[in-house]
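You will see chain A twice below: alongside chain B first, and alongside chain C after that.
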Partner chain A sequence: MSSRTPNTDDIVRPMQSTAKWYYVVFGAASILALVWFGLWSIQLSRGLAVTNLADWGSAGGVTWGLYIGAFIWWVGIAHGGIILSAAVRLFGMKRYLPVARLAELLTIGALSMAGFYIVIHVGRPDRIVTSVVQAYPVTVHQSPLVWDVTVITMYMVMTLTYLGLTIRYDLARLRDDLPNILEPVYKVATIGYSEAEDEVIERIVWWLALGVIVMAPLLLHGGVIPWLFALLPSMPGWQGAIQGPQFLTIALTSAIAGVIILALALRRAYDWHHILTDDVIRGLTLWLGLFSLLFLWLQLQQVITGVYAAPLDQRSFAAAKVTNPYYQFAIGVVLLSLAYIFAQAVKAHLFSPMRSLAASLLVLAGTLTEKILFVFEGLEYPTFDMYYNTPGHYFPSPIEIGSLVGTIALCTLFFLVIVKVVPVIELHAIEELRGEGHSHVEGDD
Partner chain B sequence: MVEFQAWNFMYPGTWVIFIIIGVPVYTAILGWFLGKPRDMEKALMALTYLIGFIVSMWVGLYFLTVAIGIVFPPAM
Partner chain C sequence: MSRDDDSCSNDSCGCGNNDNTEDESFHPMGADHESEMREMLDDTEYDTDLGMDMAEDAMKLIQGEISEAEFHDKYNEAVVNEFDVDDRPTVDAFEEMKASENDDEHDGIFERLTGDEGLVEQLKNVDADTSQSRRDTMKKMGAGAAALGLGGVASAQSSGDPKDDEYGAEPVGDTSASGTQLGMVIDLNRCDGCLECVTGCIQENQTSTGANWMYVLTYEDEKSDQENFLVRPCQHCTNAPCEKVCPVRARHTRDKDGIVLTNYEICIGCRYCQVACPYGVNYFQWGEPDVPYDDLPGSENDYEELKQMPDEDRHEQLVDSNDHIHDDRGQWADMRPPQGVMGKCTYCPSRQDGHQGEEKQGTVACMEACDAAGMSAIHFGDINDPESRPRQYLKQRAEQEFERDTELDNGEQWGDTVTPWAKLSAFKLLEDLGTQPNVTYLGNEPGPEAEQIDGPVTYEQIGVEDNRKHHLDQFTFGAGDD
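And now, the complex of A and B:
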């Protein structure tokens, strides 16, 4: 751990200078995003025929595939942020204060990508307005799809409000060090600010954190998202109350992995080793291990109950699942990451930030693969198989695969822009590290 | 056989969304207005943020989809 003392110059540095790497990464991400927009424009012109969705006869006839799997994956990553930040406020986990805002921003970036996938998946984006919005007063009473839209909107809005309120403190104090060109933005963001509001705003944010920490894990990723699948009676791979906890563990695993990757990337880019310390990264790595263990445990539950003496439709699905090489890859990489996390928990010298980075990347690859498989295999193995005589298996088309590269590039661009606009490390974190702590978090680790 | 039809009284989404899932949001908003330290002006500001973001998200999406609809007109 570095002996340097963190100061406010550290957190405004990204807005005051631009290194060569920034232009290189920005350029590369822009090119990849443009390539994706080019591919998407082909889909917009020719329709979903350019995907392998609903292609029965050669691709298993599934109507949901990579787009919906990636949607769930991005929503899962989005969880890390705001839950981590809410836990800092509610449970006094001050150790993670330096990554709290990064994590909140990850929620916004990742949730935007998840929403974008819905726009992509409906084929014509205007259907979002012409179908979803116009029919909302009727469909919300019965359709899990519309419940999903409702809760994701609430989650996004609560996160934005949380960020909008907490950032006032930082912007008001750091305004002289922030770029002049964005002065109108900072004026709007701090409208009506006075130091007297700090205590009240902290309490308002505390209430918001309380709402988020119940809504996001239990009602969104452990609720309406698994209900998109688990409420359908004819898909044995999707059914069952276990889907809620299973979705939640995958979400939390992906989310912590996302926060570790982001924290390590920014730590290296801005020499924040004394703020985003090894201690913070190791703590996050241990959380990653716990959630990975829960993820594997729930997979085991499903496999054992599916292959032992389950009803025929469930057994058929379970057999297809465990023999699929992609499933074996997904479970294998999560197991491998867990082995490293366990080893470094026992022997601390085995910990290294690069190994934690590798474990996080493997976990994200594993959760993405598992989620895509979950979506399309669930459809390929229904209780009554309509496509029995036209066998085939879904594999995403190049345009579908391109969307993954595109959304990762767009999320990268989001962060490259945001580091130039607002401090991505809370001023509170610097005050805490300098021993000038305040009372906005209660209790200790 | 005992049969329970949740929608005999109310459609499932009506109570799932507006009664159960809404609780964390209602709790937070009630906490802003009734909790201490209490400042109605700041609580209203927070509520404005919340509503403002909902409106801007959906209005923004509306204009985005209209624009995409013009660039890629539906096949007739």
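And now, the complex of A and C:
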């Protein structure tokens, strides 16, 4: 590919010029987001009756569906993103430094969408803040949903701190190339900056990264989020110890797919082929393969233990799961992606950025489908399954499907705005690529 | 304990039952063993003579020469002096004796409820000393063996459950628990599937179409052709999973009487309670309720004002206005929930608090409807109170079953302090999930293959929507009337 040498002009280019495509994408995303807000306002006035959700039990429906499925999907992308970025810093994986900030930004965008989904999902969004806060000292000890809220908030704070600290270095040095209109923002962001802090900041960030990596399996997407489901003994499709590892691998799979898509889109848009190189994309593709394999492995474990000689309630759940065409779709597309990833690993000429993009899109579609299925199939096959209306039927309503389009549009808008505000490629990454790298990324090694 | 293999050879059940005593010792295992025991007691810091005297009398207890209460009474003071506490296994009998000394009346609810004085008197007059049943002896052996230090015998005879009187444990209630726990005993053998309780509940609570807080499943099981019923209100679990997961404490147990309620004022409608409940008793208010708020009795009472009032004034106002939606704490937790909030069977708190008049206190709408239909399958009340309707009903049924059984059976006699609980076919729904439900069922427990079928009276016949999803589908945006 290109043998150009990356320089600082490259990373400030998005802030200096605006191409036609930008307006087109911005306009389209805005329209989709507005349509979604319109649909949501209908839901707010008529209640959740406008969805296809219903009560489980005698009433023949499921009470959680796409909203919760999409919620855990977005949280997964968010958690995977920050884990990726933390790993880059913690383990000195300099090769991936150009995508580190993209992963962090993806975390912020995705986490915001996850939080938004909680608001969309509940029957009385007007009460969320008051009700949750007044009961928090008690409920934090017992309600997995409150643990979730806590963790999402904590992750948001950690990621913003992380970004806020690392961006000072870049802003201080690139100030002259940044848009004047945002001067107050940069002033606040770099308040009190001196070069002497660089080393300290690197060290703080290293510890933050360590915190993220340690907490990821123990508390975050390997813990609290799956516990929302895994701790309930009455829903055999949810209960059990495998959910922790399963959620974490799906999170990482989705996040890497998300980062690949972002990286390819931005390198096309801003001609960053010499920064977000094929080498980086190829490496990310291999990581995507590894986590897809883990995802399929854990699915296999659940299916085999479910269909062989499991207790009756688990057996009927597992049978329903493997015969569901949507489940077959989810597993099928991940398998297909995996086949490509293996093939390009063996025969390098099979690699192409477009194929990796397609594999990433398929994987994201697969994980989203699996998440939504996981939520509503868990509820459709409860332990107490005597009701003749159970299992009932559920297919997301137009408003529910609209929420997916709406949140993806909002997340796109978030990126369109952020590329105009801060450099989405770290200055450190450019320095590394130019061979000026000093040991920043490795912290204290 | 060192065992003398000669004296109890081929006797796997322990040594207490061995009456091959050839020496003067009170101990069934002989004088050698007795002196061994004395030495063992000498090594402890406690009074040896007291131990030996108790052991001797314990043997008399086993033989039925003295009663448990007498045994307990005789050493109570000495034991308390020595150990500060006397919680020997005979303490229940002792306390019962004390209580009956204080209260010689025998006109309990049970007699009034059953009208069957004969059975009660008959059971009371059985003289434990003269006509001791085999099982009674076994039980006393347990108590005696504990005093003798024959731990093996004691544990083989007693499950350790204070309610377990060797005839099965009483299936409900915890008399040791202080306070009220409202609950139900539902006799499925009496249910004929008329669904009167279902309509009674809907009328009482004005729930929206398909929100059948009280629900009756007719089901068939693989192994029988019989038509079975399962009456399913909320189980008002003591360890309620719905309450545990609630992120805002809207779902809670009321201290006063242990019923599980939803505070409609703070519920955010996340539906986690519905997800966590193993029984499927929750019904969310997906859209505008069928009955407007203003039509609910008590809607004129302002929540904030009620909160500020002194308890007595609030009670008075709620009674005066026949308030049906607030409980005595002024909390909006009764009748159908507002839009976006979770609802479920409440055990009619405004009735319990006397807002519907005194005559409705201690009743629930479903039980009233069931009684009115002549079925009396539902028995609601304080399950911690042995005199309550559900507890008395259980006792009555246990004794009926016993009488029926003994006519066919072996002429076994009945003791005066025990109830033949084991004769009851009682169960709690999904009890192994650890929810500690407060509804006890009598009758067949549905097996893993049980499947709901249409009942003798269908929901359609009584004009009640059974599959709420069908009803809700018309409101789905893009698929209904839009």
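A few points about this structure:
Everything below uses one rule, namely that the second predicted complex is superposed on the first by the 428 of 445 C-alpha atoms of A that agree within 3 Å, B and C clash if a C-alpha of one lies under 4 Å from a C-alpha of the other, contacts with A are read in each partner's own complex, and residues count from 1 in each chain.
By our rule, a residue touches a chain if its C-beta (ideal position, glycine included) is under 8 Å from a C-beta of that chain, and two chains touch if they have at least 3 such contacts.
No experiment lies behind these values; they were computed from the predicted model shown.
On the shared subunit chain A, the superposed partners chain B and chain C are arranged side by side without overlap. Contacts of A:279 after superposition on the shared chain: neither chain B nor chain C is touched. In the superposed pair of complexes, A:393 makes contact with chain C only, with no contact to chain B. In the superposition on chain A, contact of A:223 is made with chain B only, not with chain C. By the document's definition of touching, both partners, chain B and chain C, reach A:124. Look at A:201: by the touch rule set out above, it reaches chain B but stays clear of chain C. By the document's definition of touching, of the two partners only chain C reaches A:39; chain B does not. When chain B and chain C are set side by side, the one touching more residues of chain A is C.
Rounded to the nearest 10, the angle at the Cα centre of chain A between chain B and chain C in the chain-A superposition is 60°. When the shared chain is aligned, no partner comes close enough to touch A:9: not chain B, not chain C. By the document's definition of touching, neither partner reaches A:183: not chain B, not chain C. In the superposed model, A:157 makes contact with chain B only, not with chain C. Fitting both structures onto chain A leaves chain B and chain C with a minimum C-alpha separation of 7 Å.
Comparing the two interfaces of chain A, the one with chain B and the one with chain C have residues 47, 124-125, 128, 139, 142-144, 146 in common.
On chain A, the positions that touch chain B within their shared complex are 41, 44-45, 47, 119, 124-126, 128-129, 133, 139-144, 146-147, 150-151, 153-154, 156-158, 160-161, 164-165, 192, 197, 199-201, 203-204, 206-208, 210-212, 214-215, 219, 223-224.
Of all the residues in chain A, the ones that touch chain C in their complex are 39, 42-43, 46-61, 63-64, 118, 121-125, 127-128, 130-132, 134-135, 138-139, 142-146, 149, 232-235, 312-313, 379, 382-384, 386-390, 392-393, 397-399.
Residue ranges on chain B touching chain A, taken from their complex, read 7, 11-14, 16-17, 20-21, 23-25, 27-28, 31-32, 35-39, 42-43, 45-46, 49-50, 53-54, 57-58, 61-62, 64-66, 68-69, 71-72, 74-75.
For chain C in complex with chain A, the touching residues are 210-212, 215, 217, 219, 230, 241, 244-250, 266-272, 274-288, 339-342, 429-430, 433-434, 446, 448-453, 466-470, 472-473, 475-479.
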